[in-house]
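Take a look at the following structure, please.
Going by the order they are written in, the chains are A, B, C and D; count residues from 1 in each one.
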Amino acid sequence: MQAKIQTLQEAIATHLFDGATVAMEGFTHLIPFAAGHEIIRQGFKNLELVRMTPDMIYDQLIGAGCVRKLRFSWGGNPGVGSLYRLREAIEKGYPQPLEVDEHSHAAMAAAYAAGASGMPCAIFKGYYGADLEKVNPSIKTLACPFTGERLVAVPAIRPDVTIIHAQKASKKGDVSLEGIVGVQKEAVLAAKAAIVTVEEIVDELQPSSPNAVILPSWTVSAVVHVPGGAKPSYAHGYYSRDNKAYMDWEAISKDREKFNQWLQELKSTDYAV
Amino acid sequence: MQYNSTELMTVVASRILKNSDVCFVGIGLPSAACNLARLTHAPDITLIYESGTIQTKPDVLPLSIGDGELCETALTTVSVPEMFSYWLQGGRITVGFLGGAQIDKFGNINTTVVGDYYKPKVRLPGGGGAPEIAAFCHTIYVIMKQSPRAFVDKVDFITSFGHGDGPDQRKAMGLNTSGPSKIITDLCIMETEEATGEFIVTSIHPGVARETIQENTGWKIRFAEEVAITDAPELEELEALRLLNEKTKMAHQG
Amino acid sequence: MQAKIQTLQEAIATHLFDGATVAMEGFTHLIPFAAGHEIIRQGFKNLELVRMTPDMIYDQLIGAGCVRKLRFSWGGNPGVGSLYRLREAIEKGYPQPLEVDEHSHAAMAAAYAAGASGMPCAIFKGYYGADLEKVNPSIKTLACPFTGERLVAVPAIRPDVTIIHAQKASKKGDVSLEGIVGVQKEAVLAAKAAIVTVEEIVDELQPSSPNAVILPSWTVSAVVHVPGGAKPSYAHGYYSRDNKAYMDWEAISKDREKFNQWLQELKSTDYAV
Amino acid sequence: MQYNSTELMTVVASRILKNSDVCFVGIGLPSAACNLARLTHAPDITLIYESGTIQTKPDVLPLSIGDGELCETALTTVSVPEMFSYWLQGGRITVGFLGGAQIDKFGNINTTVVGDYYKPKVRLPGGGGAPEIAAFCHTIYVIMKQSPRAFVDKVDFITSFGHGDGPDQRKAMGLNTSGPSKIITDLCIMETEEATGEFIVTSIHPGVARETIQENTGWKIRFAEEVAITDAPELEELEALRLLNEKTKMAHQG
C-alpha cells in the first residue's frame, strides 16, 4: 500500500479522529508544527498525545483544548523554561484536566522501538531508585531469566496516527530524513497510520549513503508537501532553529489572554510558511 | 578580573573534566562547562548530547539539546533509541551532568514536582534522560545554585537516584557506577563522603563564609577535615567563556 | 581510550588468548578473513566462536583445530552447500568435538544488540513451535508483564574480542563502514576489546551523511590497515564478492587432505591481499 | 517450448506473487521466483533480503543473501538487528519463502538435522531466519522438489513451525499470520486445507500423474475435490528467467 500524496487538510482530516492516540515526533529537530496547527484548526478533541519532549507544539495543542492525556518524558521549553499551557492543564485543569503517563527518555525511546518491533512491551534497565515507578502503574519490573537481574518493562507505544516532518519524499512516497533523526523511524513503524510532511517532493530520492534513513512508501499513509512545516523548529539542510521564537513563546504561554489571541490568529489563517 | 557566580561555577566545573572523558551533556551550565573544557585544557574531550550527536564540537552553545550546530559538528549522529541503549545503558559514557530544582544531602535529585505528584504545587519538566544518566554514567557531577529551597533535607520526589539515604545502596541495586560524586555550586564544591554517602564541603569558593554555605543549605552541612579554597577563574578561562557566551547570544537572538 | 594503530600480527597477539570468546562478524559483506587467517597462524586453541553465519571463515578456523564451541544461527556455504569442516567437527568430532549453542538469526541479532546495550539478555518474540527451544537450554520464555504474551529470552552476547573489517579509519582510529552493515556495530560495542581491519587509513573521515555508520576511536581497541582483508568476501566501494572462490571452497572443505594442504599453505605465507 | 522442472517451479512460484507484496527473499529458487515476478507481471514488488537490503532490484541473482548487487540496487540498507526487529517481527512483510530438507503434511520444515539433534546423521545449516520468517510473514510459500525423503510423514526436527499437527494451533500460540499456505513442487501445487491444517494437492503440473505425486510423498497424499492443471510456463516467462540465469552465471563465474 503506497503513500498517498495529499494536502495537509486532507491528510489530517482523513487520519485523525476525536480520542485518537497521536504521536508527533522530532527530537528538537523536524518537529511537525504545521501539522499540529492543522489539528488545532480542525478542532479535534480528547486526543491522547505521545511525545518524548512535548515542546511548544504540545503546549499549543493542550492550550487549545485538544488533549485529554499525555505520555511523555520531559515537558519543558528547552533552554528557556516551562510550558505554561501544559502546567496549567496539570496544575489547574485548565482548559481541561490532563492525565499524564510519565516516563524517562530511555523508557519512551525503548517503547517506540518496541512498538515498531511488534512487541507488547519494552524491556530495559532503568529507574533505579526513582520514584516514577511508584506513581506510574505502567512501569513494572521483571527478573532476567538467566541472571535474576531486575529489569524494567513499559508498554509499547502503538499510536493510531504518527505525524513527522522530513526533508524529502519521492513522488512515489518514499521518505528520507537526515541529521538528528530522533525516534521518527520507530514512531512511524509503530503506528497504524503515518502522515509525513516534507520540505520537498522530488522525482527520485538520491540518498547520500546506502544506509541513509529512509521510510519506504509502503510504511507511510500520507505524504504532504509543507515547506517550512517544522518552523520554528528546524530542518537540517533547509533552515535553522528559530531560537528567538522559542524564547518569545515564554511570554505567550504564560498568559491565558495572550495565548488565546495567538490561538484566534492561528485559527483565522492557513498554515504559515 | 571580576567574574559573576555563574561564570565561577562554569569554570570550576570545566576544570574537573579530563581530555579522556566521554560526557553526556545537558543544556545550560553543563553544556557551557563541557565546551569551555574543550576550548581550554581538554581539546579532545568527547561530548555527547542525548539528541544522538556523538563527539560534537559546537561553535556556539546550543539553546536546546538538539540544535543544528550539534549535528553539523558531530562525528556522527545516531537515533535516540540507539543513544539510550547502546551508548548510555551500554556503559560507554564516563561523565554525566545533572541539575534540578531540589537536591538532598545524598545527591538524590528532583526535577519532577514540587508538592504532591498527583496534585503538584509546581509541575516541573520531569526526568527526561536523568534517571538513566544517574544510573549508567560512570560518575555524575551536579551543577546547581545553592539556596535553602534547592538544597533540601528531603526532596519531594526522587527523579534521579543519588545515594538513597546512605552508603552502598547503589551497589545493593546492582549498579556499579559511582553516582553523584561532586556538586559544584556558586558557593563551594561538595563531594560524597564514602563512609556515609553524604555530601560534604571540600572546597570553598574565594570570599565565601562557612555560615553563608550553611544558610543556603537545608540540612546541617558538614565540612571536610581539610577544606580547600577554590582557585579563582583565570583570565584565559574567563575570556574563553565570555567569547563563547557572546557568540552564543548573537546566534540565538538571530 | 583511543584505538591503537597496530599490525595484524600485533593486534591478534595482543587481544586473543586461548579459550577466548571471539566474534568475527560481517553479514556476507566485510568478513574479516585476513584476521581469521592470522588467528590460525598464531595457533590459538579452544576458542568459543560467535557468528550468525559461520561461513567459510569459521569452516577454516574449525578445520584448523582452533575451536571448542560455536554460537551461531546458520552454518552453510551460502548458495553453495555445506561447510564440511564444521559438519565433520559436529558429526565426527574431527579434528576436535564442537559444542554448539544454536539460535535463530533473530535471536542472534537481538543478543548482539543486548550485549551492546549492557543488557544481561535479549527479549523478543520468536521460536513459535520450533524444536530449538527444546534442545538449547539457553532459550527461555517469560510472560509480558502487561499482556501475559509469551516472550523469549536468550543470553546477551559479550565477546572477549570482536573482530570486524571496515572500509575506512581515520588516523585517530575512528572507523566508518557502509553498505550491508550487518551486526558489526553491535558486535563491537558488545565486546571487551575490538579489532578493526580496514581497507584504508585516511587523515580525516568524511562521512557521506550525518547519520553514517561510525565507530568512534574510543570504542575500538586496535585498528589495522589490511587492504583486501575481507577477500573472498567483499568491501562495498572497493571490490566485489569472489563468488567463484566460495564455489571452489566446496571441494577443499569436503576433503580432509585438500583442506590440510590449504592449511599448510596458509601457515607458510603472510596474509594474502 | 521445452522447460525443465526447476524452471517450471520458478515460474509457478513467480505467478502467485502480487505487485503489492513485500517479500522476504531467501537465496536460490525463491530469489529467482521473486525477481522473475519483478521482471514480468509485478514490476513494483518489494523485495527484502535478510542482509538488510530493502526494496532491492538486482540485475543478476545473488549467490549469497548479501551480495553487493543487493545493496547497490536497494532503496536503503538497514542493520541486521533492525531487519529482524522493525521489519520482520514488526509484521511489515507480506510473503516469506521457505524451503528445506524435510517437510511434513502440516508444513513443518526441517533444515537443522537428519537424525538425532545431539548425534546427527547429517548436520544441516540450521534455521537462520526461518523460525521467525515462518511466524511473522503474513503468509509463507514453500518451494521444494518433491521426493519421499523430503516430503515425510514426520520431520526429524521442527526448525520452522507450519501448522503443528492440526488446524488452529498457530492461533492458539498467539500468531495471527497464516503460516505456510502453498507448497510449489516440481510435480504440483499443494495448499492448506482449512479444516484439517493439512496440505492437499490443488493443481497438478502438465503431464504429471497422480501416482507419481503419491510415490514422491511420504504420507498418504490427498487431492482437492477440484484439481486444476497448472498452466505451462509461457514463452515470455521462460525467456525472462533464462536471461536472468544466464546473466547470473556469467557474473558468478567472474
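As a working rule, a contact is a pair of C-beta atoms (placed from the backbone, for glycine too) under 8 Å apart; a residue touches a chain by one contact, two chains touch by 3 or more.
Not measured: the values here are computed from a predicted model.
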item: B-C compared against C-D, more contacting pairs; value: C-D
item: Gap in Å, rounded to a whole number, between the CA centres of chain C and chain A; value: 38
item: Chain A-chain B separation of Cα centroids, rounded to whole Å; value: 28
item: Contacts with two or more other chains, residues of chain D listed in rising order; value: 71-72, 77, 85, 89, 136
item: Multi-chain contact sites of chain A, meaning residues that touch two or more partners; value: 113, 117-119, 124-125, 149, 179, 181, 185-186, 207, 210-213, 236
item: Topology of the chain contact graph, where touching chains are joined (line, ring, star, complete, other); value: other
item: Complete list of chain pairs which touch one another; value: A-B, A-C, A-D, B-C, C-D
item: Of all residues in chain D, those that touch chain A in their complex; value: 20, 22, 46, 54-55, 71-72, 74-78, 85-86, 89-92, 136
item: Touching residues on chain A, where the partner in the complex is chain C; value: 117-121, 123-125, 138, 140-142, 144-147, 149, 151, 153, 155, 178-179, 181, 207-213, 236
item: In the complex with chain D, residue positions of chain A that touch it; value: 1, 113, 116-119, 174, 185-186, 189, 205, 207, 210-214, 216, 218-219
item: Residue ranges of chain D touching chain C (in the complex, touch as defined); value: 27-28, 50-53, 62-68, 70-72, 77, 79-81, 83-85, 88-89, 108, 112, 117-118, 120-132, 134-136, 157-161, 164, 169-170, 173-175, 251-254
item: Touching residues (chain side chain A, partner chain B) in the complex; value: 27-29, 52-53, 72-76, 78-80, 82, 86-87, 90-91, 102-106, 109-110, 112-113, 124-132, 135, 149-150, 179-183, 185-186, 213, 234, 236, 240-244, 246-247
